[in-house]
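Here come two complexes built around chain A, the first alongside chain B, the second alongside chain C.
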Partner chain A sequence: MKPILIPIVLLFAPAMALAATAEERGLDIAKEIEVRDSGFHDFKATMSMLLRNKHGEESLRDMRNQTLEVDNDGDKTLVVFDEPRDVKGTALLSFSHKMGDDDQWLYLPALKRVKRIASRNKSGPFMGSEFAYEDISSQEVEKYTYKFIDEGEHEGIPSFILERYPVDPNSGYTRQQVWVDKERYIALKIDYYDRKNSPLKTLVFRDYRQYLDQYWRADEMYMENHQTGKSTLLTWKQYEFRSGLDDGDFNKNSLKRAR
Partner chain B sequence: MSEAFFQFVLKHRLLVIFLAVTLSLLMGSGVKQLQFSNDYRMFFSEENPQLKAFEQLQNTYTKNDNVLFVIEPRNGKVFSRETLTAVAALTKQAWQIPYSLRVDSITNFQHTYAEGDDLVVEDLVLDPQLLTEEQLADKQQIATSDPLLVNRLISPNAHTTGVNVTVQLPGKKLTEVPEVASMAREMVRNLEADYPHIKVHLTGMVMMNNAFPSASMDDMKSLYPVMFGAVILVLVVMLRSIPGTLSTLIIIILMIIATMGLTGWLGIKMSPPTTTVPIVIMTLAIADCVHILVNFLHNMRDGESKYQAMMESLRINLQPIFLTTLTTAIGFLSLNFSEAPPFRDLGNMSAMGVVLAFLLSITFLPALMMLLPVKALSGDTLGSVAMIRFSEFVVRNKKGLLWGMGIVILLLISQIPNNRLDDQFVKYFDETITFRQATDFTTENLTGIYLVEYSLESGETGGISDPNFLQKVEEFAQWYRQQPYVLHVNSITDIMKRLNRNMHEDDDDWYQLPDQRDLSAQYLLLYEFSLPFGLDLNNQINVKKSATRFTVTMESISTQQLLKIEESAQAWLTEHAPGMRIDGASPTIMFAHIGSRNIIAMLKGTTLALIMISIILIFALKSLRIGGLSLIPNLVPMGMAFGLWGMFVGEVGLALSVVTGMTLGIVVDDTVHFLSKYLRARREKKMDQEDAVRYAFSTVGTALWVTTLVLMVGFGILAFSHFQLNAGMGMLTAITLGFALIADFLFLPPLLIYFGGKKS
Partner chain C sequence: MKAWRWVLLLIPGLLSAGEWSGFIELQGRYFPQQAQDRDQSGQLVSIVLQPEYYQRWDKDKQSLLFIPFLRWDSEDDERTHGDIRELIWTYAGDGWETRAGIGKVFWGVTEALHLVDVINQTDLVENPDGEQKLGQPMFKLSLEQTWGILDLYALPGFRERTYPGEAGRLRTHPHVDTDQATYQSDREERHIGLALRWSHFIGDWDIGLAHFNGTNRDPLLIPDLNNRGEVVLIPFYEQMHQTSLDLQATKGDWLWKMELLHRSIDSGSYNAVTGGFEFTLVGIADSDMDLGLLGEYLYDDRGDDASTPFENDLFIGLRLTANDVEGSELLAGVIKDLDDDGWMFNLEASRRIGNDWKTSAQIRLWSDIPVDDPLYAFHRDDYLEFTLTRFF
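Our next item is the complex of A and B:
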């Protein structure tokens, strides 16, 4: 869908809702989210992750993120570590795909080598945090099937509540319940259910800010694991959209330069 | 005053019966609140230093309990398509176990290898059906040579494999453990039905926790009826009185209901040791009733009216029964010194039961006997003729007995040091328990269940990447691997070495620790990145990356041997890496210390009880000399019993270390009865020592050996418990009580004759 079609979709949305099945309605919402967030081309930002265990012990990780939007496929992302010191310059390049396994390369500065990592693992923890790799990589519509559940609200904001079911058999989840802001079409909260369908984690998005008058980004993403009592606070800063990145910034060589 | 009280009881018998039954049932209504503890941690108090150390370790790293499925293919080959298919199926299903965090098996093991500049991370076995013979052999080679797997999830010759499920119980409901266990059992049943060529054994901490209540229930179902049967038999033979037997039985039932009810009201959780309480208090209640009934029936035979006979029996029995109740309760209460809370509960519950039994036997018993038709018995109810003959023998051979018994006692006591402490918690269950069988199979065929864990500190944030630190950890691992009985050592250095090799095209020359700090840190990041769902670095490394968890798996060895190895590990650390030194922590270590800690604690408790009891006896008997003399027959039986145990068994543990406190109070009873009769003869009847001994034998001799018999039967029945804890405790207690009777009959009389005061 091109952005020009958005008003038309919105116009018919209530009517569609009446006619459509819960599955169709869920899919429509997911598509709308994607449509509204497409066209940003690229952005840069810094990320800091505060890892905390049940007993309050903490550790902090700082990194930089560069993301390039790819037409008809998942985004390309480059993450470079700044803190802790001994991993400074370690960089991860990933090409996420709508279907199949993502491509990942890791550069270890102490080894001065780029290694491609072939792994089906998406459900493992991202850099030791409570975010799984699959939670943090780009959320393509095709990665899930959907079902509209109800309307409700999250912290006073009127929301659609929908469920999505991972298509990838290697996912760590049976389902996710997502609260989507009715007006802005952005995720406010996600409940994750593990393979035995027990509540596993909750992700809350806080302090959304709008960039380029269109793209909403949360300053904070707080993930809490209900089974282990651990949590991760992911803070995004210094967003810079359309910063002039291109394909050349996302290859094996750029990994080494990324420090 | 007591006379007025008994008159009231005998007159208002219906009211007394009504009140006794109502109050007992009221207390008994707490039975609904009784709950079984199903956590091995119940054996440790909150202040226990080993528990604290272990909890700290669990707080630092991932806290976890586990269920371990052990798969035994009948053809002895794990690496066959059929078996691997079963393992893969179980691996997938096991994620459904409630509260599971992670499932680990040889099929989903994250095998990493280099392919040119690629690092491949994949399940070791993806689709078992597609594997060729060659690939199967190859996978077996990989699994049996990976230090993370061999002796842990695969046996070295690949004939047994394990699927380990890590669970994190919220610890909010008592239903959590049985929930996990029943799901696991159902999976085993289905798997064995689908794959008839394999057998699955279930073990792990959760299964052990689950075995505590289930084995307790089995125990109750099998032991309680036997106990009741034995009690009825003894009572019928002894009292030869149906009403007497009946009322004693009713008292026992009321007392058990009331005691268990109070336990429920007090919120005490049932545990294997406390399941013995009904049996213990039953035997003690019988003693009270028997003393009163025997005298009552005896008096009736002598032609007294029913009322008179009962009044007289109550008059002469009140003081000794009160005294024995007091001393027995003190003995049981001394268990509050125990290090293990279940034994404190055992002591408190038994003390409650003993007091209730006393109250019922001086109210309900006489009231009910007044109601029931009682025939005067003919014949020698006291067995006094036989007893007089026996007393003649004792008096005649006083010198020989004094010396002979003295020598036997010293001989037995000299054998006490043969006892060795051992608390292998798996052996708390006997071989009939499925958990024990499965665990024995596991330790023989796959891996150990006894672990020692260390949290090795580098001293700075991120310090685990320091090459010097890693080098020390590696040396410690190598040292441990050379120790006897060590099955497996889990150390972060194995992962570091593997990654270093992976990153150098799988060149074996690079199977060594990285030499720069940055590189190690980056490997860890890489490793973290490759971890599958449910695993994170926190399993092995603390949040600040300043310390790493180091786990040693041992064979089934005695806790003494284990502590010895741990001690030399401490010495190694002190010498080679003083900064890293820390005590090992684990349930195994906790149990290894509990026996000796409990003995020290119980020594204090028993000593205090002994002092209190001796003071009571001195006042009650109004004689410093006799009270002091009573110490000998009170203490000697324990020494003799532990000596005999040392000669024939030689292993003592947690349960046996409470026997002293428990038996002290009961042993004293016999002495009290004997001495009070002896003194009565001396004071009221002005007899000399020898005649007083004869008198004591003729009046309480029979009651003593009969009650001792009942007690020995009661505690002896405990020897059939499926809990070695209860079985050993019952056995040793029975032996102690037997020796107590021997001491009272053969050693105390000569002592009294020679040292029991001047001739009058």
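Our next item is the complex of A and C:
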């Protein structure tokens, strides 16, 4: 069969490529990004945010992040705050979902209270920073529709340029333009457009490092708000992949223990 | 188990150093109205020191938390007090957890009143809202399974509620004499309480079902004479069974909440419920600010005989979250008694300054409270509070 089949495939292949619409090409790239980043199982890392306003005044946020990959759904994440001091020990548990609202619980250590919170607010500032919750939560293919725009370069790296459109009506954006490294399939830069389709923010990923010979993570994510002149530099440190986390590390009890 | 045995378990951890943090706080309160009693002061200055020691070891499976608390108050000797808020050892197993020591536990979902929260005694001298709690001695075993979390508590030892002294505001008339407290149980404060709670979440729903058997944290206040022949109120602590349910549905921008309980005590069994909603308007007026609208109904089937003032009341509130760098927040609300003209107003606001400082303000007003309402004791105690906190 094989000798016959291959010519048939070859015959149809060029036609299929031509038939691929910009939407299909965009979706294929998004799927490839996800495929290459799946199977990491879990990781731990520290996050520090340097917030700067247009007068140059700075403020610091320190957190620790634990993430567990969930098959066929969004990741589970536990974030514990260390700075500023008044929120030290406060922790956020999120079960993100491919479709619909995420499940989120906030732990307030002074009262020992675990509060289930409304997660529909994806677009608000995360801890007063220029990152919205939707910018740093689990990036699932299903959360956007896509369109391939062009090929180009970001800082000399050959890139695909895609647009993606949030499916969730509560998103703060109409669209995002993403520069994707053609070779490594990782985001290099994202331009965010607000609900009125005006340029809002730009996120640049810097100093990518590869973990377990597969998973690329940027040491720095620099978000600049063009409308307010504020910026946030998010620095990731002490990445530890496959650190032995499991489901038991992501429940209301572990949220209270986290600190 | 004898106490020294689990103290021995702690030693390996104590050999390696943990971390200290905590805060120091300066508080001022001003009462604009003339007090009901000449002995009561018109303003106060107060200082709190609450250090915190935390250490973990054994691959983070074991930890020790120690939080002593000290308050000095310029006016009220009863408000000048100390407590061990927490001194607790935790062991986190695979699918289970155990804790032993002095700890703090919170149950519930509603905002106006924490009805089902029963493990810890209220440190009432701290704030009339009753949210500050005294440390409770406990052994806890917790099972974390696919069907939810089951917590089992043994509570050896009981803490008496704190009450303001004669010079303090926000107190009953006559004042409560805590030195003469009496108990229904012959074992008095050594009676061992037991509690059990199952909690779980299914999709948008969070549910908690609990039973508590032990000394009622809410005493009856019985008029009697003290050794100087003055009329005082003496706390009487009964035994009780409490069965409770707390429920929250999280539907988009809406939170639907309910707490329900049945209490059996010799002085009269009763049912009570608190329930309502919180609706959040995200990014109001094209800003980063969120505005929450809260409404809750508070009911107690003892009616006017209830020891709580909230027997048929409506709470309406606003929560403004600025989402700014300073984490500015404001919560304002009114609780209105539906049977008479009485209402109370409450405002709490806070804002961070830099990384280590925080300021907060509080206003509480009581208005048109009828003489037979428990809140009548506070009807001249409207106050304005300002706090400055330094975290370290």
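The rule is short, and it goes like this: the second predicted complex is superposed on the first by the 239 of 259 C-alpha atoms of A that agree within 3 Å, B and C clash if a C-alpha of one lies under 4 Å from a C-alpha of the other, contacts with A are read in each partner's own complex, and residues count from 1 in each chain.
Note that a contact is a pair of C-beta atoms (placed from the backbone, for glycine too) under 8 Å apart; a residue touches a chain by one contact, two chains touch by 3 or more.
Small disclaimer: the values here were computed from a predicted structure and weren't measured.
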Next on the checklist: Once both complexes are superposed via chain A, do chain B and chain C end up clashing or fitting?
Outcome noted: clash
Checklist entry - A:N253 contacts which: chain B (first), chain C (second), both, neither? => result second
Checklist entry - Counting only touches as set out at the top, which of chain B and chain C does A:T145 meet: first, second, both, neither? => result neither
Next on the checklist: A:D103 in the overlay: touching chain B, chain C, both, or neither? Say first, second, both or neither.
Outcome noted: second
Next on the checklist: Looking at A:L111 after the superposition, I want to know if it touches chain B, chain C, both of them or none. Which is it: first, second, both, neither?
Outcome noted: both
Checklist entry - If you stack the two complexes on chain A, which partner ends up touching A:T174: first (chain B), second (chain C), both, or neither? => result neither
Checklist entry - What is the contact status of A:G124 with respect to chain B (first) and chain C (second): first, second, both, or neither? => result both
Checklist entry - When the two structures are overlaid on chain A, which partner does A:L92 contact: first (chain B), second (chain C), both, or neither? => result first
Checklist entry - In the superposed arrangement, does A:S59 touch chain B (first), chain C (second), both or neither? => result both
Checklist entry - Once the shared chain is lined up, is A:S48 touching chain B (first), chain C (second), both, or neither of them? => result neither
Checklist entry - Where on chain A do chain B and chain C both make contact? => result 51, 53, 59, 84-87, 111, 113-121, 123-125, 127-128, 172
Checklist entry - In their complex, what parts of chain A are in touch with chain B? => result 51-55, 57-59, 81, 84-87, 90, 92, 106, 108-111, 113-121, 123-128, 132, 172, 194-196, 198, 227-228, 230
Next on the checklist: Which stretch or stretches of chain A touch chain C in the complex?
Outcome noted: 51, 53, 59-60, 83-88, 101, 103, 111-121, 123-125, 127-128, 170, 172, 248, 251-254, 257, 259
Checklist outcome for this item: Given the complex, residues on chain B that touch chain A span 59-60, 62, 95-101, 110, 115, 117-123, 168, 461-462, 465, 503, 514, 516-523, 525-526, 528-538, 542-545
Next on the checklist: So in the complex, the part of chain C that touches chain A is made up of which residues?
Outcome noted: 21, 23, 54, 63, 90, 92, 94-95, 97, 104-106, 108-109, 131, 142, 144, 149, 199, 201, 206, 248, 250, 252-255, 278, 280, 282-283, 288, 290, 323-327, 352, 354-356, 358, 389, 391-392
